[in-house]
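A, B, C and D label the chains in the order they appear, each numbered from 1.
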Amino acid sequence: MPDTGAEARAKLVRRVILDTSIAAVVVIGMGVARGVYSNELMLFNFVMFLALAQGLNIIYGFTGYLPFGYVGFYGAGAYGFSLVVMHLHASALVGMAAAAVAALVLAVILLPLLRLSGAYFAIASMAAAQAVYEVVANPDLENITKGPYGVSLSDVFAPAFSYYIALAILAFTLLLVVWLRNSRFGMSLQAIRDDSVSAAMAGVSVVRGRTIAWLLSALVAGLVGGVFAWHISVFYPDTAFDLNISIFATVFLLFGGATTLCGPLLGVFILYGIYNVIGIAVPQYFEFTYGALIVLLVLFLPNGLVSLLTNRGIRVP
Amino acid sequence: MKSKALALGLLCAVAAAGSANAQPAAPAAITIGTLYASSGPYASISMPVFDAFKLWVDQTNAAGGVEVKAFGKKIPIKLVAYDDQSSTATAATLYNQLITQDHVDLLVADSGSVLTSVGVPIAKEHKQFLFDVSGTGAAFFTKDNPYIALMSDPVSTIWPHYISDFLADQGVKEGVKTVAILYSTNDFTGTQAAALKGFFERDGKVKIVYYQGVPTTTSNYTVLINNIAALNPDAVLELGYVGNDIAFLRNLQDSGEKFRFVFSIYAGTEKEEIEKNVGISAMNGIYSYVPASDYEYKPDVGMDQKAFHAAWDKKYPPGSGVAFGANAIYGYMTGLVVQQTLATTKSLDQMAIHDAVFGLSGKLKTLDGTFELRDDGAQIGEVTPLGQLQPEGKDKLKLVAVYPPDLANGKAIIGK
Amino acid sequence: MSPEPLLNVEGLVKRFGGFRALDGVSFHLNPGEVLGLVGPNGSGKTTCINVICGLYAADGGSVTYNGRSIVGEKSHRLVKSGINRTFQSPRPFLSLTVRENVEVAAHYGDPKPGFDIDALLALLELDSYAQRPAAELNSAQQKTLDLARAMATEPRLLLVDELAAGLNPAELSRMADRLRALADGGMALLVVEHLMGFIDKVTDRVVVMAAGKEFFGGTLADATRDPEVIRVFLGGGHHG
Amino acid sequence: MWRRRGWRAFARHDDEGILDDQGTLHDDTNMLTGAIIAGVVFGLYYTLVGLGLNLVFGVMRIVNLAHGDFLMLGGIAAWFLFTSLGLHPLVSAGLVVVVFVLIGLPIYYLVVPRLLRSRDSEMLSLILFFGVSQMIEAVTTIGLGSTERSLPPRLLGVGPVILFGTRLPKAWIFSAIASAVAVLLVYLYLYRTRLGTLTRAVMVSRDEALATGIDVNFVSAVAFGISLALAGVAGVFAPFILGSITPNMGVAINITAFAVIVVGTLGNPLGTLLGGIIYGVSLMLMQTYLSSWANLLPNLLLIAVLLVRPEGIFGRKVRRA
C-alpha cells in the first residue's frame, strides 16, 4: 500500500522525532560525560570529530563531493578566531563569528572547485588547504598571523565554556543533517548527487544546491576550528591545518556510512574510541591496523557499517 | 566503547584515591607521565629524548628508586608513557589523560615546540607543573604561568649569540664582512634567524647580504646555494632541521662552492646522524653549536658525557635505530632535574615542585652544563659554545669548541 | 497551422570541436501536436533535444518557446517554465525511492498546487513500487519513472528521447497510448525514435534529419515515399 | 619585474648600497639562467617520480595515493642493499625494477579488480591507497625506526658538473639520465610492443578493450607493476636528490607527483615529462625570487591547471557535465 497525504506526513513526523532524539541523546550524553569523566580534552576531541564527520557528511553524503582538504576550513576557522582575538582583543564569541566568516569566505573563494569531478575535486581541495596553510604559516606574514611561530590566546582561555559551545556546534550540525535527511532540499541534493543532469530536469538548481551544501559544510568546519582554537589556546599552524584531521573525519564518515545520521556517529564512537583506548596501548601496530581497516572497508563495505542494514532494506536513521 | 573508557576512568580514580590516602606514609611509586612520538615528523627528535629518559628511569630504579625528601626515603619510579605519533590533537588528549586519569606526580613534555605547545595550557589549567624538555616556543613562557620550566635548550632568542659574537670578533679581524642567512620557516629555526639578524644589525660589523626563509620541507638547496654564491658572502648560516641540514650539506659539497664560514645547527648537535647521511668530507670545517654530547662539562650530579655515552651504547647498540646526540643528553638531563627536584621538594604539591625546580636554578651542574632559569621558566643557563668540525686522525671529525675563548678547546680555522 | 507555435527552432547550430552536430536545423511545434524527429544515428536528433532543454549551449540560431528566446537559459529554469524531457537511457535518482524521485520533481518543477504524486504513480503503474529504491526497478520501469519525473513538472513541451527502445510490444503500445493521451491534453511532444511503428502510431508529423540538418517535413507516410529520405536511410549509415 | 621582487626580502640592505647596481644585474642574470637550467634537470627527476602514477591513472583511472610510499621503499631497498651487501645504487636500481614489478602484480590482483567494480572507483581509490600508504609507513617505522637514511654521496660522484655555466651535482645528472631512459622505455613499451599496444587500448576504453577480448586485468597488472618499478627507481635516487629518506616522506611526494601529472596531462604518461619540467623550473624560480613561498607553488599550479585547463595539454574531460 503506498501511503498518501496525511499518512506520509505522519511518517515524516515520526522520522524527524526519531532523528532529533538520536541527536539529542548524543549531545546530552557528551554533556553529561564531561561531568563524569575528567579527560575533558578527549571528550572535546570526540565532540569535534562528531561535528566534523557530520559536516563532511553534508557535502559528501548529500552531494558526492569529497574534499580531502576539509581541514582548510577548520584551519581558516581557527585563524579567523585567533586573528580577531589577538588583534582586536575581541571576546571569544565575536571570535567564533569571525571563525564562521573566515570559513565561509574561503568556501566562496573555492566555489570554482565544484566544477571539478571526483578525484580531481578531492585533490584540488587538498591543494587548496595546503596553499592556505602555506600562506598562514609564512614568516612574511608574522605581524598578522604570527607565521610559523604559533598563536597564543591565553586571554580568552575558558575550557568549560568553550566545551559547551562545541556541544552547541555539534547540536547545530546534527540538526542540519536531520533537516537534510527529512527535507525536500536534502532530497534534491541527493538527486543532484545521483545524477545532476536528471536533477536539473526535475527543476532543481544544481549550482544553488551544491553551493548551499558546500557553504554549510565549510561553516561547520570553520566553527569547529574556531572552538578548537579557543579551547586549546596555544597552537601552531601545523596543528590547525593537520591533514590528519581531514583524513580522520573522512574515514569515520565512510566507516559508519555517509548520508545517514547514525553512520558518522558510529564511525566516530567506534574508530576514535579504538584509537584512544587501543591506540594508546599498542601504538606501533595501530597505524598499520588503521590502514588495513581502511583497505578492507573500501573493498568489502564501501557504503559503511550502516549498509549492513540498508542492504537488507532496513532504514537507518 | 564509552563505557570501557568510563570503566577505565573509574579504575584510575580509585587507584588515585588509594595513593592519595597513602601519601603521608609515602606512595608505593612516583608516577612520571610523558609522551613520545614513535612515528611522524617529530619522531627523530622525540625518540632519543624518550630513550634517554627511560635509561635514567631504569638506572634509578635499579638503584632502588629515587630519593624523595618529603618522605625521607627512596621510592621506585613508575613511568607512564604514551605515543602521540607526532599528532598535536593526540598529544593534547594524552597530556590530559596523564593529568586527569593517570594522576601522574610529575609531567614531562614531548620534545620540540610543536608537541609541547598543546601541553602548556593544559598543564596550566590543571595546575600541573610541566617539565618542558626542549619546547623553546617564546609563547610558552609568561610571568602568569608558574607551571612550566624549560630543561635543556636555551630559548631560541639567546641561543645563537655566540655565532654573531664570533663573526664580529675573530671573523672581522680575518676579513669577514658579509653574511648570508638561510633558514627554514618554523618556530625553532625562524626565531634563531630573527635573533641573529637582530644581533648582526645591532653590532653593525658584519652586513647581511642574504636573508631568506624556505619551507621546512625543502629538500634541495642547489639553486639556493647558487644564488647565495652569486652574492659572494664570506659567511653562510643555514638554520634548519636535520633533514634540511643533510640536504644543504650534501648539495653544498656537490655544488663545489666554498665559503669561508659555514654554519649548520645539526652538523654538531646530531653529528652522528648527519655523518651517516652526508659523509665526513662534506662536514669538514663546518661550524655548529657544541652540544653537551660533544663537550665535557664537569657534572656535580649524574654521569658525565663519556659515561653516559657508554651507558647509551650499552642499552641501545649503534645501528638499533636511534642515534646518540644532543637530544639524548636532553632526555637524560631532564631525568637528573627530576631527580634533584624530588631530592629537595617539600611535598609532591605542584607549586612545591615549582619551587624546588626553580631552587635548582644556577646551582645544578650536569653533563649539559649549568641549569639556570629565567623567572618565567625559560632556560638561560645552558651555554652552547660555537664549534667547528675539524679532522682528527685520518677519517674522523672532531667537534672543537672555538668560541667563546673561556670555553674553547681549540682554534677556529676560517677559510680563505 | 496555428499562428503562434509553442516551439520554434531556427537555423540551430551546435559544434563539438570541428564537428557540426547541428548545422542549421529548423522546425516548429504547436500545442497538442506530436512531432517525430527521425534520422540515422549521428544525425543530431539527441543533440537537438539537449540544446532545446538547455543542456548544451547553442553556437548559432534561435530557439523560441512560448514567444520568447530561450537560448542560454539554465535547464532548471526551462523546467519551471514548462519544458521537460526523458532520457535515451533512463537516469533516475538511484538512491531515492520511486516516490521520492517524483516528489523532487513535483516540488522543484512548479506544477499546479495540489499536484497528486500518487495519482501519477498509479496512472503509470508504478504505485506498487513507490517505497522501493529506484535502483531496484527494471529498465522498462526506469524509463516509465523517467517519464513520471518529467510529467511531475507538468510540462507544456515534452522532449521524448527514444523512449520505446527496449520495451516489449505490450509495453510499447501502452507507452504510445500514454504519449497520445498527453498530446490530447494539450501538451506538445517532440519524439525522437528509431522504431517507425511507434512513430507512426504517435506522431502527427515528422522532421527527417541528416548530418545536422532537416531536409524533409511532413507526414511519415509522405516521408517513406520521398526518394531523398530513402537514400539517406539506406546509404547514410556512415554518418553515425 | 622579477628583479624587484627578488630583492624585496632584503631591500633594506640594497638601500644601504652594499651592492652596486652593475654587480647586481650580473648576478641576477646568473641566478635566472641557473634557476632555469637546474629546474629542467630537477624537473626530469620529478618526471620519473610522476611517471608511474600517471601510467596507473591512465590505465585504471585510479589514483595510487601510496605511490610516494613505494618510492620510499625503493630508497630503503637501495640503502639496505648498500649497507648490507655493498651494492652500488645503479645495480640496486636494476634489482628494484625487477622486484617491484613482481610485487606489483599480486597487489594489483588483490586490490584493484575489486576496487574497479565499485560505484565510484576513482574516488574510493584515493581512500584505499591512503590505507595502503599508512600500512607501508607503519611497517617501515616499526622495522627501521623513523630517522633519516641516506647513501654516501660519493657513490654517484662528488663535485659539480658545469652545464651551461651552472654548477649542478653529479647525482642530478645521473638521475636526469635515468629519468630520460625511463621515459624512453615507457614510450617504447607503449608504442613498440604488443602488450603496450593493448595497454593503450585499455587506456582509451576499458570496456571496449574488455569487449574485444583483451585480458584487461593482465595488461593492467603489468602496468601497475611497471608503475611501482618506476616509483622504486625514483626512490633509489631520492637520497641523492632529496638528501635523505624517512618513512613519512610519502605524503609530500604524492602531492608533488600529482601536481606534476596534472600539469603534464592526466592519463598521458608521456605528458608527465612536460609537467615535470614545468614544475622543476617554476620551483627553482620560486626558490630564487620568493623562497619562503616556494611550497605554495605545486598547490597553486595544481589548482590553476585543474580550473583553467583541466584537460592538460592533450585533453581529457574532467569536469562534471
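The rule is short, and it goes like this: contacts are C-beta pairs under 8 Å (C-beta built on N, C-alpha and C of every residue); 3 or more make two chains touch, one makes a residue touch a chain.
For clarity, every value in this text was computed on a predicted model and none was experimentally measured.
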Any chain in contact with subunit A as well as subunit B: D
Most distant chain from subunit B, judged by the mean position of its C-alpha atoms: C
Computed distance of Cα centres, subunit C from subunit B, in Å: 74
Rounded Å distance between subunit B and subunit D, as computed from the means of their C-alpha atoms: 35
Euclidean distance of C-alpha centroids - subunit A vs subunit D, Å: 32
Length of the line joining the C-alpha centres of subunit C and subunit D, rounded to whole Å: 49
Where subunit D touches two or more other chains, by residue: 137-138, 141, 292, 295, 321
Touching two or more other chains - residues of subunit C: 55
Set of subunit B residues in contact with two or more other chains: 38-39, 185, 213, 215
Chain contact graph, described as a line, ring, star, complete graph or other shape: other
Inter-chain touch pairs (all): A-B, A-C, A-D, B-D
Residue numbers on subunit A that touch subunit C, as the complex places them: 2-4, 184, 187-188, 190-191, 193-195, 197-206, 259
Subunit A residues within the subunit B interface of the complex: 29, 33, 36-42, 45, 134, 137-140, 147-152, 154, 157, 159, 232-236, 238-239, 242, 244-245, 269-270, 273-274, 276-277, 279-280, 283-284, 286-287
Residues of subunit D defined as touching subunit A within the complex: 63, 111, 114-115, 118-120, 122-128, 130-139, 141-142, 251, 255, 258-259, 262, 292-293, 295-296, 298-300, 302-303, 306-307, 310, 318-321
Touching residues (chain side subunit D, partner subunit B) in the complex: 9-10, 13, 16, 18-19, 27, 30-31, 34-35, 38-39, 42, 137-138, 141, 144-150, 152-154, 158-160, 166-172, 239-244, 246-248, 252, 284, 287-288, 291-292, 294-295
Residues on subunit B engaged by subunit D in the complex (per definition of touch): 38-41, 43-44, 47, 178, 185, 207-215, 217-220, 222-224, 226-227, 230-231, 242-244, 246-248, 250-251, 253-257, 273, 276-279, 281-282, 320-323
